[in-house]
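Quick one: structure below, then a few questions.
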Amino acid sequence: MSTKDRIARRVALELHDGDVVNLGIGLPTLVSNYLPPGVEVILQSENGMLNMGQVVPEDQADPDITNAGAKFVSILPGGCFFDSTMSFCIIRGGHVDVTVLGALEVDQEGNLANWVIPGQMVPGMGGAMDLVTGAKKVIVATEHVNKNGKSKVLKRCSLPLTAQQKVNLIVTDLAVMEVTPQGLVVKELAPGVTPQALKEATEADLIMHEDVLVQALA
Amino acid sequence: MSTKDRIARRVALELHDGDVVNLGIGLPTLVSNYLPPGVEVILQSENGMLNMGQVVPEDQADPDITNAGAKFVSILPGGCFFDSTMSFCIIRGGHVDVTVLGALEVDQEGNLANWVIPGQMVPGMGGAMDLVTGAKKVIVATEHVNKNGKSKVLKRCSLPLTAQQKVNLIVTDLAVMEVTPQGLVVKELAPGVTPQALKEATEADLIMHEDVLVQALA
Amino acid sequence: MAPATFYKKLENRVKKTRDKVVPVEEAMSFAESGLTLMIGGFLAHGTPELLIDKLVEKGVRDLTVIANDTGMPDKGIGKLVGKGQVRSCYVSHIGTNPETGRLLNSGKLEVNLVPQGTLVERIRCGGSGLGGVLTPTGLGTGIAEGKEILVIDGKEYLLDKPLRAQIAFLKAHKADKAGNLQYRGTSANFNPVMALAADLVVAQVDEVVEVGEIDPNLLHTPGILVDMLVVGGGER
Amino acid sequence: MAPATFYKKLENRVKKTRDKVVPVEEAMSFAESGLTLMIGGFLAHGTPELLIDKLVEKGVRDLTVIANDTGMPDKGIGKLVGKGQVRSCYVSHIGTNPETGRLLNSGKLEVNLVPQGTLVERIRCGGSGLGGVLTPTGLGTGIAEGKEILVIDGKEYLLDKPLRAQIAFLKAHKADKAGNLQYRGTSANFNPVMALAADLVVAQVDEVVEVGEIDPNLLHTPGILVDMLVVGGGER
């Protein structure tokens, strides 16, 4: 199982039966593959759909049904299509229970940066700023360090923010961390990760209790 | 033909084929009975309909189709139902060509008062404030004097306003008057009404040219 | 205090997602004195008459009602007003219910008159996380008094604030069990926007069908916004 | 200057109300260099490809485009960007079209990035007479720079201004001849709101039926908002 899949599998445990969930493009999309038995969530796609189903091969696709990454998908029974005004009334109005997004950087105050690297990459924020602002719970799902081995979990983001102090939970390949008024609390360590190893891999200040759990997932 | 019908008939001449028109309750409703040949208008009803048809007897009515006065009506081919958000996007957004409303008072600056008499009658403004603010052309259709014989066409409204400086045309049983930056210009006199008689019946200052037309309608 | 009890009850309830049809009594168990309610309908068309009858029966009082109007004395919200159950209301029109005017004049009912287009946008703001509506409607009239006026690119706009409720009581034509709603004719009016703006959304519907039976392209209110479905009340 | 010519042409045109189907050339006769265009679609789904192809063919330049994104290099708005016809754009995303980033970096294309939910509300404000949107989205981020922040009941909101265009080019599934539109699937996206916010609204549709053939309860865009229908473009 890849690192990304392991992160996605851990995120899936945060979802409850019946939750309305928006999954960002990339790693977060994998979360729907790992829902525990008895947990069905309602996937919202910001381009105008609830109860989004799986990706459909192009030759079997309905050309009018796509996800927010322009891939052909199905709609599940009980689903509904709507336009972008309704989609963002739902998103900004707090009707999405959980949004899961990737990060370029995330910090101990709950700030997230994931939409631009000045001078390098300017993809735009799409619906991410609204999702992070409006969703009831914001989960960041990301590898703990970037390609250069540098911590993505920081004291303070250096890249332009997607939203200020909105992140609730950070799930990485090394740990699960909760953003609290006191700071970033380590809730679980991935198997084989020592408190010391986590601290060395993390630029942010961590609050770690002695009885921190080791993730049950292997 | 009643006074109200004569006013309505004159208002109907202001409408063009294809205009989107909202008619207020009471006298304005009569306007649709007098459309000239070749002129079809699209009636908008603020409770959520375009291409509204005629009033339908209760025993033949569809219980889900009513006008803004809670009367059962029909919908014409090409019509469309929608909710109140869309209805007022249409109204306030300038997508209604003409609205016709009654008045308690109207003045030479284009102010209209038709929703409240403090201490006596507080029906509420309903959609009238939005209609007068948003429609491309606002026509006030009213009897020239009230039940006590006092002019309803004033220098300045004394009752609380429905909207400020939004009225374009005033059609009464005595005259047709246009609100202009220069003041209230008399465009037509009803048959048998002399300039002098109009002036005596009117509290507002009137601008009357010598060649003012006598209304062609008998 | 009432809202506190309501929120406690709401927190403890098991959310239904697959079959939202409930007995009307279950929906009514959340209705308490002192709550703010949104009620759909336009002059008692597209109004959940059954739910209103049950509110009358339960006798909850001191309600704040947000709705287009106060109905007629014997129809729609007029039935609640007539029983003295409403303490305050946000409406665009009270002219079809003389009893509202009488209670207003005797100081027993607070009436906040709001232009219809502003009212619907205030509800939409409350339901969609927006801070308020900037509208030209009402400028230069009495309703502008005490309100902030913003000048944007040289034009004036009134700032009107969001509205929310604890419960929205809606009326729709058809629903699937997941709560997706379809309206008919002019009966939609305020119902769809109110589905966004309350903590608990209860819809009275003429008919419920299985999930999947309604074309997902032709739905008006997404099921996730609706918590409970009550079938019936249909003397239609 | 271009808008002046456009408005003159618009004023002189005979408005159609009963049969709005026109040859694509008639719609294109209004497209001029220097105009602001809204174009429906989300990553080139629900985008009027035929109308975009004709804009490329006509070679109009210096366009300002308001849309969700700039499509892909060979799809949707990307085709206009690739030909250098777009001078400025208001979009939420450009990541699927590297050419947009290249032109941005070389100073040949002005890109105004707007959060998607704010973009859709700015268009709605422009189309419905509202002065702007008050949103929490973007607070504390770079996009708040230079914008007015309002504090309403203790919470902060950004003020974002309305957007309008001279022409909106939409894509719908089905229309009746009076211009009433139905969308399918996720192809609605920005199309319905753009129908409110332009001086001329042209819809490319897969199919046109006679007036009365579509259930008036199940329409998505009222026909009065649509000026012209162009049928086809359907390699679907």
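As written, the chains take the letters A, B, C and D, and residue 1 is the first residue of each chain.
The rule is short, and it goes like this: contacts are C-beta pairs under 8 Å (C-beta built on N, C-alpha and C of every residue); 3 or more make two chains touch, one makes a residue touch a chain.
Since the structure is predicted, the reported quantities are computational estimates derived from the model, not experimental observations.
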Subject >> Chains touching both chain A and chain C, listed by label >> reply: D
Original post:
Taking mean CA positions as centres, which chain lies farthest from chain A?
Top reply: B
**OP:** Calculate how many whole Å lie between the centre of chain A and the centre of chain D, each centre taken as the average of the chain's C-alpha atoms.
**Re:** 30
Subject >> Centre distance in Å when chain A and chain B are each reduced to the mean of their C-alpha atoms >> reply: 56
Subject >> Residue list for chain D, restricted to those that touch at least two other chains >> reply: 121, 124, 129-130, 135-136, 183-185, 217
Subject >> Where chain A touches two or more other chains, by residue >> reply: 75, 81-82, 88, 92, 133-134
Original post:
Mind giving me all the chain pairs that touch?
Top reply: A-C, A-D, B-C, B-D, C-D
**OP:** Note which residues of chain C are touching chain D in the complex, please.
**Re:** 121, 125, 129-136, 150, 152-153, 155, 157, 159, 161, 182-185, 217-218
Subject >> Parts of chain C lying in touch with chain A, wherever the complex brings them together >> reply: 15-18, 124, 127-130, 176-178, 180, 196-197, 211-212, 216-217, 219, 222-225
Original post:
What part of chain A is in contact with chain D in the complex they form?
Top reply: 45-49, 62-70, 75, 81-85, 87-88, 91-92, 111, 121-130, 133-134, 160-165
Original post:
Which of the residues in chain C end up touching chain B in this complex?
Top reply: 42-46, 68-69, 72, 91-96, 101, 104, 111, 113, 115-118, 120-121, 124, 135-143, 173, 183-193, 220, 236
Subject >> Contacting residues of chain B [partner chain D, same complex] >> reply: 17-18, 20, 40, 42, 44, 50-51, 75, 77-82, 86, 88-90, 92-95, 133-134
